[in-house]
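To start, the structure itself, in structure tokens.
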Amino acid sequence: MSPATSPRAAPSSPRIVLRRLSKYFERFTALDRLDLAIGPGEFVVVLGRNGAGKTTLLRVLALLQQPSEGELLFDDQPAARLQPAFRRRLGFVGHETFLYDELTAEENLLFHARLHGLDRARERVREVLAEMELEPRAASLARTLSRGLKQRLTLARAWLHQPDLLLLDEPATGLDAPTRERMHAWLAGCHRQGRSVILSSHDLRESLQPATRILLLEDGRLVFDGPNTAGNQETVRARLHGGA
Amino acid sequence: MDTGRVTLAVFRKDLLAERRTKEVFTAVLLFGFTVSVAFTFAFEPTSAEARKITGGLLWLAFLFSAVLGLNRAFARETSNQCLQGLRLIPADLGGVYLGKLASNLLFLLLAELVLLPPFGVFFDLTLWARPGWLLLILVLGTWGLAALGTMFSAVSANTRMQELMLPLLLLPLTVPVLIAAIESTVILLEGRPMSEAALWLKLLTGFDIVFTLLCWLLFDFVVQE
Amino acid sequence: MSESARHRLALVLLAVALLVIVSAWYYAFQVAPTERTMGTIQRIFYLHLPAAFLSFLAFFVVFVASVAYLTTRRMGWDWAAASAAEVGVVFCAAVLITGPLWAKPVWGIWWTWDARLTTTLILFLIYVAYLMLRLYVTDSERRARLAAVVGILGFVDVPLVYMANRWWRTQHPEPVIAGGEGSGLDPRMWWGVLWAFAGLLTFASLLFFQRYRMEAMRAELTQLARRLRA
């Protein structure tokens, strides 16, 4: 798996700023006054225990969830005022697959390609199927795919339109070690092309390798933010496993 | 144009899924058939009075089975959170509404057309005397049901009592459609000139256009988070 | 407006409402003349007609508040919509109960399928469904959004429901109901209607305001609970 790029798509990843950003769900505070700035071309890993706010953060960044308070800016533009066309620059992989069970892998991708208004949709779909090594199962119903294949298909869906910013919520969950490795290598490749990658994990193993920055969330608050060094990895590991 | 592209893509996808599973069509057809049979027990089918109410019975059968079908159709979008996945596209979601409206309308119409012959047999009706008018009434009436039905199935999917919310919302709001469709059908079945139904057909058309436009504009608000 | 200010306003509204209602009641039963053909039961008309008008007004408020919420996203509009819907449903129920109470002794039948009464029934069902929708959505932001959409669709439907019922009535005429609402009233009866309307309006405002306060307090409570947890 290596990300191919068509000649015209020179990625220009956006600069992201969060200012006192909070998200409430009735009495529960998922994100608590986050202040964060992520530059273009960063590879960020967001760590935290279950319920720390990782999913909410990624969904807010993917424009799937509106913040309750505070600001979210992409290239200094408030997210609320962004045109729908901006979503072309985002790719999101969440907990749910967003796949139609009764459609084949290829049909699922074709649907999304058409929705995105991609030229030569069929060809692009075949390209991506090849990249993700899904060709042998292209005509299988999504329902019949294993967890690992579904994850690759979901990644394929997010990759169809070659977004500048990739947002992945615990993408390694349920994958076996070799698949995880290949996925991380692929993401590293995307990053090398100049794209931003933000992925979340509650588990430290291989996910830290290509990252440039580590964030740690606890109860919706940012408790650690630093470059990906061995020392920082240790600090975060201790905090995650040691408790408050 | 964005909306057109999205509408077409969603319509084609729904068609593909339905061709493969035939869930919605079968549900609507079978339920409509069962309801029609139940009606034959409740109402003496061959008496002269019955002719006046069969127009009503027909549309009640369509209404009840439509509720079932609409719920089934939308269930495809809620499994695996597909509807949320659609929010990632670089276009507003009105096209999704229009696409689903079109596919729902098609499936409901097909089921209704298949339901008509047995219904005619049970209640001893000559349905095909004026097929053009019959088709027009079916299309306009079902369009009204589908316009609000598609919208409300999206609304209901966000609530704790999904299956209850759809009929609870749909039945009172589609009263104008029911009255107009029933009256037009009765006029058709009794062999009266269709000019008498002009007012009803105009009401149906007005309803369909107004609510399709309104739901198209408001759909985005329903699927946001 | 602070909670203590709201509390004072509520008391003022209550006092005004009591005053107007008592005088309207007195007018309806003592001052207004007895109707020639129908007798004392006709006095129920002083409740029936204003209640119908007020429920319609309440549903119009739901419509306006729904549009306002979707455009401004201020929760106050959602609280207003919820309160207005409840008030509207209560008055709708009043119309639907007083209708048969009036019809049976006068015309011998419990229900007359005239356009206005039938429309009120459908309206009642629409807004009960609206309230049920509110009940079954737990997240307050989602509830506000979905309710606003239904509030708009419901109100746009009202003229269509009325038209359909009206034309249906002309196709299936029932024995003409003599007199009916508002035909050839003694001027003193008109005063009775106005007084009754004023009384019900103040009562409705009080109900609306109290309900609005409840919603405001509920939101405050949620916010406090949230801060406590953090």
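Things worth noting here:
All chains are identified by letter, namely A, B and C, in their written order; residue positions are counted from 1 within each chain.
Simple rule for what comes next: contacts are C-beta pairs under 8 Å (C-beta built on N, C-alpha and C of every residue); 3 or more make two chains touch, one makes a residue touch a chain.
All values derive from a computational prediction rather than experimental measurement.
Set against the Cα centre of subunit A, the chain with the most distant centre is C. When every chain is reduced to the mean of its C-alpha atoms, the one closest to the centre of the whole protein set is B. Centre-to-centre spacing of subunit A and subunit C amounts to 50 Å, using the average Cα coordinate of each chain.
Rounded to a whole number, the gap between the C-alpha centres of subunit B and subunit C is 31 angstrom. Subunit A and subunit B have Cα centroids lying 39 Å from one another. In subunit C, the residues that touch at least two other chains are 138. Taken residue by residue, subunit B touches two or more other chains at 224-225, whereas all remaining positions touch fewer.
Of all the residues in subunit B, the ones that touch subunit C in their complex are 148, 151, 155, 158-161, 164-165, 168-169, 171-173, 175-176, 179-180, 183, 199-200, 203, 206-207, 210-211, 214-215, 218, 221-222, 224-225.
Against subunit B, the residues of subunit C that register as touching in their complex are 70, 122, 125-126, 129, 132-133, 136-138, 142, 145-146, 148-150, 152-154, 156-157, 160-161, 163-165, 167-168, 171. Per the touch definition, subunit C reaches subunit A in the complex via residues 138-141, 222, 225-226, 229-230. Listing the residues of subunit A that touch subunit B in their complex gives 59, 62-66, 84-88, 90, 92, 94, 96-103, 107, 111-112, 114-117, 157.
Every residue of subunit A that touches subunit C in the complex is listed here, in rising order: 24-29, 32, 68, 219.
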